[in-house]
Every structure is written in structure tokens, then in C-alpha cells.
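Two complexes come next, and they have one chain in common, chain A, joined by chain B in the first and chain C in the second.
Right after this comes the complex of A and B.
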């Protein structure tokens, strides 16, 4: 078995009275590893620790064999796509990615070349002159991914990278992540949606309340999931044109919530159905009740 | 517990040094802060408000002094009044308020710190941005006046060289001190408007309170708590301005300013190093 790329042993991080990480022990990589957990589970805390932005109170986390804290040089080897906006809205994506590359230490010409390549990779080059503030959430996500991959890091930390993406965008980003892994890069992808991660990898770490609840093959854990109905929210404007929309007791006029016991099939068929029926889907997200249920189950 | 993981060598690729990386942070932030309308307006007005009276004073002094060159003391003008201080306060607040607060608010600070830079690098580059903007009115008008006065023959080469050096030294001291104040207050909040208000209010109230207590108690030492009074004291000493009555000791004033700067820079570092940059 190959050595892990990121290794955490009894890692604890406290925010005042709240525990961000609570004796977290897990191995990540090589290849793609999914970090799955509900909101507030400690995923972002873990990412900030491995990128050297937070210091652990106890325990140890190493990345590429080096302690995560106080070794800024190692950041040359990693790419980080945060879950929050974190973008300079007044810039266009070309300026934004190029600036971060120059902070990485690339000379202007090299930064220019890499900027173009990374924006082309995430299909944002054609929007290079538009201010980021005019972008949709999905476009912003792509810019964040572009800055994370532009310096060709060995390890990529992607915090909820598919959040807010439209179905087509999701597919293209998932393909990109698979391609990056096939090039020998290591990806740690966090999500609160197990089914997203499932399309990327079978290796997952489940985290809840700052603790690793399960680690290993996804399919064994996934069997637990099938015992619970899966709830998915679809954001679409199709119902706004419908004369009866105001009488529908859905969460919002432009939202439908569906339940399915076959989420895999549903996700697989959704783009085709939308295309055939001419439904304009703006976003899809798992409401993740089932995942919470599994976490509760695992926590017991 | 000791960990054993694979060790990866850093690839031998060409990357620029620390100075270039800091410059990249400086450049993007200077562009953001320095091109804001209010900053530009106050920088221009501040420049004119400092340069014109100083030039007039130097010209008048030379005129009244006959053929002899203007004395060194005339160059102390910007530090003898409050006009420059007002613009320093305004620019400190406008340029410095969001210098860290905006990054905390948008959480873009985590994008900086996930790069191969240290927190010290980040703070140094951010501080340099505020200092450079303050320098537009704290250094440039003075040195330009000296050069113009010298070229017009209003001052001798010796006086010009001395005045030039003093303006440069005072400018560095002023910009570093006021930048450290702005950095610290900006690191306390993620709202730039609050930080800007705090910077302006603190500097203004500090000077007013020092003046009132100093006046009421008839104790000049209270003025040490005002950075502007400290700057004035040092400037008067360096420009050889004769002072009647009790006044601040320039060496002590310098020590106070250096102490403020060191304490606030350290406090900002500790604050950002310990704070949870992002909460979930």
C-alpha cells in the first residue's frame, strides 16, 4: 500500500469553546480522497491546518512528510480552493489568477502563460475581461479552481468545489479532477454530498464533529446511505412561467425539492431529462438529510 | 507521536524570490487602495496643501532675508501645524481601514496565506501599501519643495541636502508609525468602515485629549501620547527650530513613536497568528 500524502494523528483544534478538530486521525491519498461530512464537521478547519493557516492545539498533521505548520515553502507544492468567496471582485479572472501566481513566485511572463492555461482548463478564458463581481457562483467556483491549479501543485485541497455549480459545470469539473489525478496529482476533495464524491473516488474519509468517523472504501459506507431517502433541491426558473406557481407549496417559486431512493440514477438522468424537457436548471444541491442520518448512525 | 510519511523534494523550478512575491502583494493592494477616488482626492489636496504654503514660506523667507538663502527652520512648517496631520489622519483611515479588514471580510486572506509567504511577509507588504500612500503627502511635497527651492537658488546646497535628508527620515518615521496604527486597527475587525472610523477617531481623539490634559494639568509630558506632537517635536529639533518654554524631548518622542510602532506591529502579528481566520 502506498504511503499517505496527508497524515493526521490525534489532531485537535479548538475555537474557544468549540472544537474544530477533535482528535482527528486519518490518512489521505495518494490519488483522490473524498472528505465527506456535514456543514460544521471540521472540513474547512482541516484544510486550513494543512495549508498552514491554523496551528493545531494538539496532535500532528503532516503533508508530504512535512509538518503542516510553519513550513510555508511547502505551499509551493499545494493548491487550495477555499469554500468561501475569497475573490477580489474588482479584478477580472485573468488579473486575479496572475496576481496569485506572482505571489507564488512566478515571473510575469510565466504567470501570464499559466493564467491562460488554467483559465482555459476551467473554460473561463473567454470571460477573462469581465469583472469577477459579475460572475455567477458557478463561474466564481471555476475561477477559484483555476487559481488552485495554475501553479501545477502536487496536492490539491478542494473545499466544496462543486457548491453552486450547474449540472454541466459539475460534470466538467469532475472530469478535470479525474484528469488531474491521472497526471499523478493528489486531490483531497471535501463535500457534504456523498454522491458527488462518489463520482470521483471510492476512497473517503468521513468527518463529523471534528472526528474521523470512517475511512476507506466508499461503497461499504454507502450501503448505509441507501437505508435513508435522499433529498435533493433543484433550482430552476421553469415554474416561474407557470400560472399556478403561487399555489404550489414548494420552498420557493423557483425551487423544487424531490425525494428519491435511487439518488445515483436520479443524478445520472437529470441532465438528460432537463435537456429533453427544456427545463432550465440553475443549480442542484443535496439537502443531505440522509447523510446527516448516516452520520448520526455512525456516531452512535 | 512521530509520523513517517513520504518525503517529497521541492522541484528545481524557477521561482522568484521573497522580494518579488512581496512586490506582487504590494502592487495589487496599492492599485486597489491608491486608485480609490477619495484617496486620490485627499492625496492631491494634501500634496497641494503641504507644498504650496511651504513653497510660499521658503520664497518669502528668502525674499525677506535678502540675498542669503532661506534657513533650515522654514522647512519645519508642515510639522508645526495641523493641516498635514488632518490629511495624514484621513489617508490613514481611507487607505488603511480596509487594508486587512477587507481580507478578513472576504476571507481572501486565506488565499494569501495558502501561498508560500509568511504572515510577516503579508503584513510587511500591507504596511508598505499604507506607508506608500501616506508618503505621497508626508514625503513628496517636502522633498519636491527642497528641490525646487534649490533649483531656484532659494537655498544653499548644504541646506537643501540637509532638508532633503530630514524630510526623508521624518517621512519614513511618520509613515511607518501611522501605518502600524492602521494595520493594527484594521486587523481588529472584518468591516473596513469600522476600522477606518476607528483609525480617524483614535488619532484625532488622542491628539485632542493629549492637548486638553496637557493644558489643564500644565504638564507638557502628556503630549507624548500624541504621535503628531511627537513628530512635531522631532521635526523642530531636526530643522533647528528654536522653541521657547517647555517642550518635548525629541529623543523621548522618537522612543515613544518607535515603541508604538513595535508594539502595534507585534500585536497585529500575534492577533492574526492566533485568530481563527475563518469560522465555520
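Right after this comes the complex of A and C.
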């Protein structure tokens, strides 16, 4: 098994009376890992700690085996796209990205090349001369992503990167993230919009109230939850007397929703039952196999 | 070439540009030239010679050094960290390889650059106007310009360091900075005995007193010698910059949880 890119052990961070992280323990990566949780769960606090902006009160977080706090040399290996809207508004995006690269130690020519490439990647090169203060939220998001990828980091921390993006922009950024991962980079992407993460990866860490609720493959996490009733929507007319079904609802005339405590057995037996009973099943989908549903289970 | 593109000098240059972007820069420049405008007004009203030189030195001693310099330094140095902390844009610098001492140094050097650019020209222009059009008596202005330039630079260095530090550690940096400027500096500076030694302004005013032989600036009372006058503000600034780096090193800048 590969070493984790980020390893957190009992990480705690307190803001006065408020706990940002509360004994957070989880491993991230390699590849794309989704960090999922509601607003205020501690996602941004975790990113700030991992990127060395905040010091833990207790516990430890390492990135690529190195302590995250006050180890500036490692910053060349990481890219950070924050969730807050703050940028140097008086600059244009070209100046912004180039300046950050030069502050990172790149020589001007190299910084120029990288700036152009990263702005082209996020489709912002044509706006390079416009002041950032005139940009929409989606354009600002792209600039933030551009500065995060310009130095070609090994690990990318993207805090709610799709916030404020239009649907087309979302798709192009999701494709970009997948491409970056295919190039061997590790991405940790946070979101409270669960289907976005689901489209990127099945590797997730779920966080709530500063604690890791679960981590790993989304479907495996779901398997761990078989003690809870599993909800499946079946597009058919009848399935009322199936022994694996514990409850049944009819959300639409041609659709039923059943709950089962033995989902694997249910899936295995369903084709045979349908054949024997002459039930015409048009489609089956697990309503619980979305992050939203899993998160609801785990939060209970 | 290497220095020009060093990360710290890049940050210093960006800091300097950002500090005077927009209306703030224009306002600060106009404010810095206030004593110059007064000098021009005095000449326009026919005041020249000994009276003009005295008025000029009084303006510098009572308006420029203790008011204009302090306020310009306050408005330039406090936002260096405070604005970035409030807007959370500091994360872009903290996730670079520059490091926290480099960030402090880059910001401070940027401040010194822009403060000198704003504050030194009024000193030179005011002096030039008095020297050229004010018909000063022979020898009246000897040593005034270098003394004022050095005092202004020392003030920029010292006040910038304390305001930079305040901007890092407190959200009320502007208010505390104003209290420091107009309560501490005035009250302590106005006391008798050794107490004024605790005020930066005492050193800034002592330098012209030691350097200039006649006129109001020469009459300022001081027991200090020249090396003390020059060294003290520099040491004061150095200690505060060290304190800023030390504080920043252990500093989680995020103001609130997500």
C-alpha cells in the first residue's frame, strides 16, 4: 500500500472556545482525495494547518512525511487554492501569478512562461490585462487555481475550488483536476457540495465537528454501514413481498423505494425474483451510494 | 540583477506598489506636502528672510516630524499585515518558500521604500523653495537639509517598525498606533529629565539641534550626542523587527474558524 501524502494523527486546533479540529485522524492520498463535510466542519482549518499557515494545539500533521508547521522549503511541493475571496485586487492576473512565482524564487523568464501556461490552463489568459477587482467570483476562482498550479506542485490543496463557478466552468475545472491527477499529482479537494467530489474521486475523508468520521473508498464506507437500512430506488411496479425488503415507498406510479438491511443479498437475489415474478425492472440505483446519504448516516 | 529579482526584493517592490495604489497614495502624497503648501503660502504673502526660515523650521519641528511623518508611517505600515490578515490574502505568501522572516523583511523594506518616496521629496522641495525664493540670511540654512533628511529617514525606520508590529498583533493597530503617536510620543517627549529618551521623536528632534547652529531647530533641548541620536532609532527598529519575526514565526494568522 502506498504511503499517504498527508497524515493526520489526533490533530486539534482551537480558536478560543471553538474547536476547529478535534482529534482529527486520517490519511490522504495518493491520487485525488475528497474532503467532505458541511460548512464549519473544519475543512478550511485542516487545509490551513496542512499548508503551514496554522499551528496545531495538539497532535501532528505531516505532508510527504514532513511536519507541516514552519517548513517553508516544502512549499515548493504544494499548491494551495484557498476558499476565501481575498486576492491582490489592484493587480491583473498575470502580475499576480508572476509575482507569487518570483516570491517563490523563480527567475523572471521562467515565471513569465509558467504564468502564461497556468493562465491558459484555467482559460484566463485573455483577461490577463484586466484588474482582478473587476472579476466575477468564478474568474477569481480560476485565478486562485492558476496561482496554485503555476509552480507545478506535487500536492494540491483545493478548498472549495468550484465555489461560484458556472456549470461550464465546473466541468472544465473538474477535467483539469482529473488531468493533474493523471500526471501523477496528488489532489485534496474539499467541498460541501457532495456530488462534485463524487465526480472526481471515490476516495474520501468525511469530516464533521473537527473529527474524521470516515475515510477510504466511498463504496467500502457504505458497506460498513450495512447495519443501517439501505435505500434503493427501483423503477418497477411491484416488489412488496420480497423477504429482503424491510419497508417500501411509492414516490411515483412507476417507481418504488425500498429499504434493506442486507443490500448485497438483495442485489444478488433481485434479478431472480424479477424473473420469477415477471417484474419488469427498468432501472435500479442506490440512493445511499451518494456522499450526501453516507454523510447523513455517519453524522447520526 | 540577482538582487533585483530576489524574492525579498520582489515582495518589497510589490508591497511598495500596493501601498500607494488608488486614492490612498494620492492622499498620502498631498498630506506629506502640507508644510510645503504652507511655505508657498507664506512666500506668496511676502514673508521672506529670517522670518521665513524661522517659520519653515517651526513647521518642520511642529508639523512635519511629529504629525505628518507619524501619520504617513502609520497609514503605510499598519496595513502591511493587518489588511492581508483581514482579507486572508496572507495565505498566498505563507504558502511560498520565502519564509516568515523573508515576508517581514520584504514588507518592511517595501514600506521604507515607499515612505521615503513620499516623505523625502517634501523635505527637499520645502528646503529648496525657502533657499531659492525665501532670501534666507547667510548661514541660516547651514546643515538644515541633511539634518532633516536623516531625521526623516530615522523616523520612517523607527515608526514603521512599531506600526508593522502593531499591525501584526492587533486588530486595533490604527487606534493603538494613534494613541502611541499622540499620547506616548507627545507626553513622554514633553516631560523633563531623562523621560524623553523613551520617545523616538526626542531623537528625531535632537539631530537637527546637534547639527544646525541657529534658528528654532537648534534650540531644541537635548543631552544626547550624535551617535546616540542616530543609533537609538535604528536599534529600536531592529528590536521591533526581530519581535515581529519572532511573533510571526509562532503566529496562526487566521482570524476565525471556517
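By our rule, the second predicted complex is superposed on the first by the 219 of 300 C-alpha atoms of A that agree within 3 Å, B and C clash if a C-alpha of one lies under 4 Å from a C-alpha of the other, contacts with A are read in each partner's own complex, and residues count from 1 in each chain.
Throughout what follows, a contact is a pair of C-beta atoms (placed from the backbone, for glycine too) under 8 Å apart; a residue touches a chain by one contact, two chains touch by 3 or more.
Predicted model, so just to flag it, every value in this text is computed and none were measured.
Following the overlay on chain A, a clash is recorded for the pair chain B and chain C. Touch criterion met: A:62 reaches chain B, while chain C stays clear of it. In the superposition on chain A, A:267 makes contact with neither chain B nor chain C.
When both complexes are overlaid on chain A, the residue A:39 reaches chain B and chain C alike.
By the touch criterion defined above, A:127 lies against neither chain B nor chain C after alignment on the C-alpha atoms of chain A. By the touch criterion defined above, A:24 lies against neither chain B nor chain C after alignment on the C-alpha atoms of chain A.
Of the two partner chains, chain B is the only one touched by A:154; chain C is not.
With both structures placed on the common chain, the touch criterion links A:3 to chain B but leaves chain C unconnected. Set against each other, chain B and chain C differ in how many residues of chain A they touch, and the higher count belongs to B.
According to the touch criterion, the shared surface of chain A, contacted by chain B in one complex and chain C in the other, consists of residues 15, 20, 39-40, 42-45, 48, 51-55, 72-73, 75-76, 78, 80, 82, 84, 86-88, 90, 99-100, 102-105, 107, 147.
Chain A makes touch with chain B in their complex at residues 3-5, 7, 9-10, 15, 20, 39-40, 42-45, 48, 51-55, 59-60, 62, 64-66, 72-78, 80, 82, 84-90, 99-100, 102-107, 110, 147, 154.
Touching chain A in their complex are the following residues of chain B: 1, 3, 5-8, 10, 14-17, 20-21, 24-25, 28, 32, 106-108, 110-118, 273, 276-280. On the side of chain C, the complex with chain A involves touching residues 5, 7, 10-11, 14, 17-18, 21-22, 84, 87-100, 106, 249-250, 252-254, 256-258. Considering their complex, residues 13, 15, 18, 20, 39-45, 48, 51-55, 70, 72-73, 75-76, 78-80, 82-84, 86-88, 90, 99-100, 102-105, 107-108, 147 of chain A touch chain C.
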